[in-house]
Amino acid sequence: MKNKIIPPISTPVVDEKANQEKLKFNIEKMNATKVGGYLVLGSNGESVLLTENEKLMVIETVRQYASSEKILVVGTAEESTRGTITLTKKAAELGADYALIGNPNYFKAAMTTPNLYDHYVAVAEASTIPVIPYNSPGFTGINMGPDLIGKLSGHPNICGVKDGTGNMAQLAAFRRLGGEDFLIFTGNAPTFLAALFVGVSGGMMPIANIHPDLWVGMMENYYKGNIAEARRMEAILVPMTSVIMKYGAGGIKAAMDILGYYGGPPLMPLKAPSREGIDEIRSALDKVEEGMGA
Amino acid sequence: MKNKIIPPISTPVVDEKANQEKLKFNIEKMNATKVGGYLVLGSNGESVLLTENEKLMVIETVRQYASSEKILVVGTAEESTRGTITLTKKAAELGADYALIGNPNYFKAAMTTPNLYDHYVAVAEASTIPVIPYNSPGFTGINMGPDLIGKLSGHPNICGVKDGTGNMAQLAAFRRLGGEDFLIFTGNAPTFLAALFVGVSGGMMPIANIHPDLWVGMMENYYKGNIAEARRMEAILVPMTSVIMKYGAGGIKAAMDILGYYGGPPLMPLKAPSREGIDEIRSALDKVEEGMGA
Amino acid sequence: MKNKIIPPISTPVVDEKANQEKLKFNIEKMNATKVGGYLVLGSNGESVLLTENEKLMVIETVRQYASSEKILVVGTAEESTRGTITLTKKAAELGADYALIGNPNYFKAAMTTPNLYDHYVAVAEASTIPVIPYNSPGFTGINMGPDLIGKLSGHPNICGVKDGTGNMAQLAAFRRLGGEDFLIFTGNAPTFLAALFVGVSGGMMPIANIHPDLWVGMMENYYKGNIAEARRMEAILVPMTSVIMKYGAGGIKAAMDILGYYGGPPLMPLKAPSREGIDEIRSALDKVEEGMGA
Amino acid sequence: MKNKIIPPISTPVVDEKANQEKLKFNIEKMNATKVGGYLVLGSNGESVLLTENEKLMVIETVRQYASSEKILVVGTAEESTRGTITLTKKAAELGADYALIGNPNYFKAAMTTPNLYDHYVAVAEASTIPVIPYNSPGFTGINMGPDLIGKLSGHPNICGVKDGTGNMAQLAAFRRLGGEDFLIFTGNAPTFLAALFVGVSGGMMPIANIHPDLWVGMMENYYKGNIAEARRMEAILVPMTSVIMKYGAGGIKAAMDILGYYGGPPLMPLKAPSREGIDEIRSALDKVEEGMGA
């Protein structure tokens, strides 16, 4: 699972419901790209807005239509420990390779390092597939730092971490504490190249849904030592990222619509970008084509 | 529904499951107090940790055993608009008088004032019972201020607001913008007396589960103009609050155990207070008895 | 010094220098109002932007021209303990009645409760006039809460506190810990009425420079038990406050210009409001006249 | 001025006063190291705690005793624009090569991008030496991001930026916007290696006062392509950094005392580390010796 980009895919929505046909369409189209796998039911997949049945449908559908070499990572976090365990087991039964688990966050004051440690260990003990804690303070308001992740990295069923902060000191500490085999994925696109230098295993950035082969290409250039070319691609991809990510999951979907995938609207309370927003996204995508053509 | 204290009750848990017998026991005991009603499935009720079936059981049970004069407010928020609507309708069918609805908060950056306005209007339009937005930045990381609440107060099915901030400027603005009939409840105990002066309609503080008649008594003293006596009671109740609320929902439950209710443990990832914590809570409760006996 | 409003006065600036003539003009005009005294060299007085000579000139000038019944409070904080002591002593020699001392804040991580305690005690020991710590997290990024202020209130030369937070739980705790004779001033205008209910000694709000007799009148109505009239005045004065305080020290100066005082520009990097800002301020002041005339 | 480490040196204090003899001693000792120059009157130099005379003494002394190849950067920020200009001019007269200028921060709400832009341009216009804005939100509470720095980079007398955030996305954006000749220094040691990869010009980290030749050595290894050796050194130096920087300027001074420089105490309200803190620092320094000896 090293040296891979695994985008957190969107959940297609039609009439305020998750839609299996559109999901199949997107997966079959993305199978032709060089992504290493699919992360389903992540933040960008609007996981917290889905019903339980929709979640199970999404897992099954992606497992069924993903080409065989693609890894399947499933977001299985709920606020309660028991709910997280239940969903993790179901995901494993449906063929998930890894469970990605964001931390509980509603009761912020109670989410101390010892309480989070116990939560993750309880989930890892109960899970039949390897567990990857997901640190995303932008959504949760809580940072899981080296103290916690370093300790969790010693558990036999906790195989890595996804970190959305873009904090290189933290990623470097995860690497030092977790050792060479610990999987570290970043979710932060503007620092992806720096994160590769610091030693991450790969990327799980929402924006990697957009032109996935360019993101994989940038990574491959880095690994081949073509740093200048990697940096040239970064200078093209990061401004696109800034524009699209302003609109969150709805921005990714709007860009997918433009690029021939099914994007569609997000679930309420999320909103699709306005007409001006879509024009801004289109213009950002045009600049990528110009930049890459040059 | 004015001049009332409506505590957000705990959800009793046995063997990591919500327990109907213990809930019945607590409600029947609390019926004998002067609380104006019950708020079920609030933050203190560990709502985000419950399954859907448990939520429905809690509503039904409290409706069945609450004495007839007690108002029933039900927390029905989910992250998605459609999920919130579904649960609000079920709560209404089960006899809820009001729906209390915390704001979606996972996608923090997208929870702009217009998006939250549309969310609440969609819920209020679909609901057959009056809707009360719940502002609790300590849990959600988002403040719903006068701009949003003032505008929502104009909707015919949005009858009030619960605010957990203890921000008097905000409460005063809610009163000015919402008018005299808009219901304003505070969830912040250390500023409850000041909030009454500012014009709130009542209190929905978790700590009001602990010695509810003292909290009602303090409020009644305020309304009768016995400000010195109200303040004397505040000086006794606020230090108790500081101690117990450090331990959150588990602290309330520990204090309930001491006072003859069923408290029990919270659901994981929450934890019961340690032995030292329980001793500290017991000592804080003893000081209240001393203070009130004087 | 109880039951008084002591506005933090502006420092008039001409040609990017503090100007004595304009200061004399303002003080002589404000002597005719019911303010209880003057706070010079506060945040609104742009203290951190003045040279040492300007600071001394401001103290001397206000002492000379203030009518005899007006109390003189002087802001004497510097980042260093020794610098604060030196300026406090000079202020005392020039006739200050009290020294108001904001906390050092550049080295935020080092400004722990014990370090701030030692700082304030060192200043209080060296000062020949009573010392008033000033808590203003909006400027300093640090809150001095009940733990610190309660402990400082026991020092014989620390006579009170100014608090800019508008946090009623904190003000109530200061009163409980400091006792009845401890001076507590609020700097937060939108919660001034609530703060009087909670037991503050008076107000030191920048906006009290604007229509000071209305602010004093609102306070007097509160003390006489005319709560409805006090609240009516609050509903007129708070919206004005919101508009003017958006522009900070420059907004206060612009409003002073409109009302016949010398306002003028603030020192750079502060800016005077734009033309649109001044129009907005003028309109807010007009609404006060309409409201009070009604 | 590229590819250099320029430590922000400590200001030696004896009897609560800046001390010239000790400063001379330290500079003469540090002249023998491979540092590229000295940053005086930075945060670590306790600049905000010094009198004006002390500041001038420090500049003169370092200019006099620094060996000729060492660059002299002087921190000349005050809160006011005019004060910053005055001190910048004096520093230039005393031989400073560059002025490093932290942003005004007391009036946080007024420090908008346009106001900060005007401030920096006014200073750059008035200064006879090149100006380097210094971004340090940990001290100031304000981030100066790519919008502001990119625009400032176009001014002929603004030659670079020092950034203390350790935010690689920001540093990369500075490089893209400022061009290849724009000087970018990081003040964040745990991300120094990543920052070199991102393209910074060098380091101005306080911890570089401690074993400066190891920091220079790590940088040189990076430039020579000895990444594994650079990373091995980072794994030794970063844990030391975490321990010492907990104690801020006082921690640096304590480590200097251990290593044969004059450290001494910081000025109040800062404090020297406790006895336990000094033991912890000594132990961290011992580990560096062990690690480097290996």
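By letter and in written order, the chains are A, B, C and D; residue numbering begins at 1 in each of them.
By our rule, contacts are C-beta pairs under 8 Å (C-beta built on N, C-alpha and C of every residue); 3 or more make two chains touch, one makes a residue touch a chain.
Quantities reported herein were computed from a predicted structural model and do not represent experimental measurements.
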{"item": "Contact distance in steps, from chain A to chain C", "value": "2"}
{"item": "Intercentroid distance (Cα basis), chain C paired with chain B, Å", "value": "37"}
{"item": "Centre-of-Cα separation between chain D and chain B, whole angstrom", "value": "50"}
{"item": "Residues of chain D whose C-beta touches two or more other chains", "value": "none"}
{"item": "Category of the chain touch graph - line, ring, star, complete, other", "value": "ring"}
{"item": "Every chain pair meeting the contact rule", "value": "A-B, A-D, B-C, C-D"}
{"item": "Residues of chain C touching chain D in the complex", "value": "16, 43, 48-51, 79-83, 104, 106-111, 115-116, 118-119, 122, 138-139, 141, 248-250, 267-271"}
{"item": "In the complex with chain A, residue positions of chain D that touch it", "value": "166-169, 172-173, 176, 188, 190-191, 193-194, 197-198, 234-235, 238"}
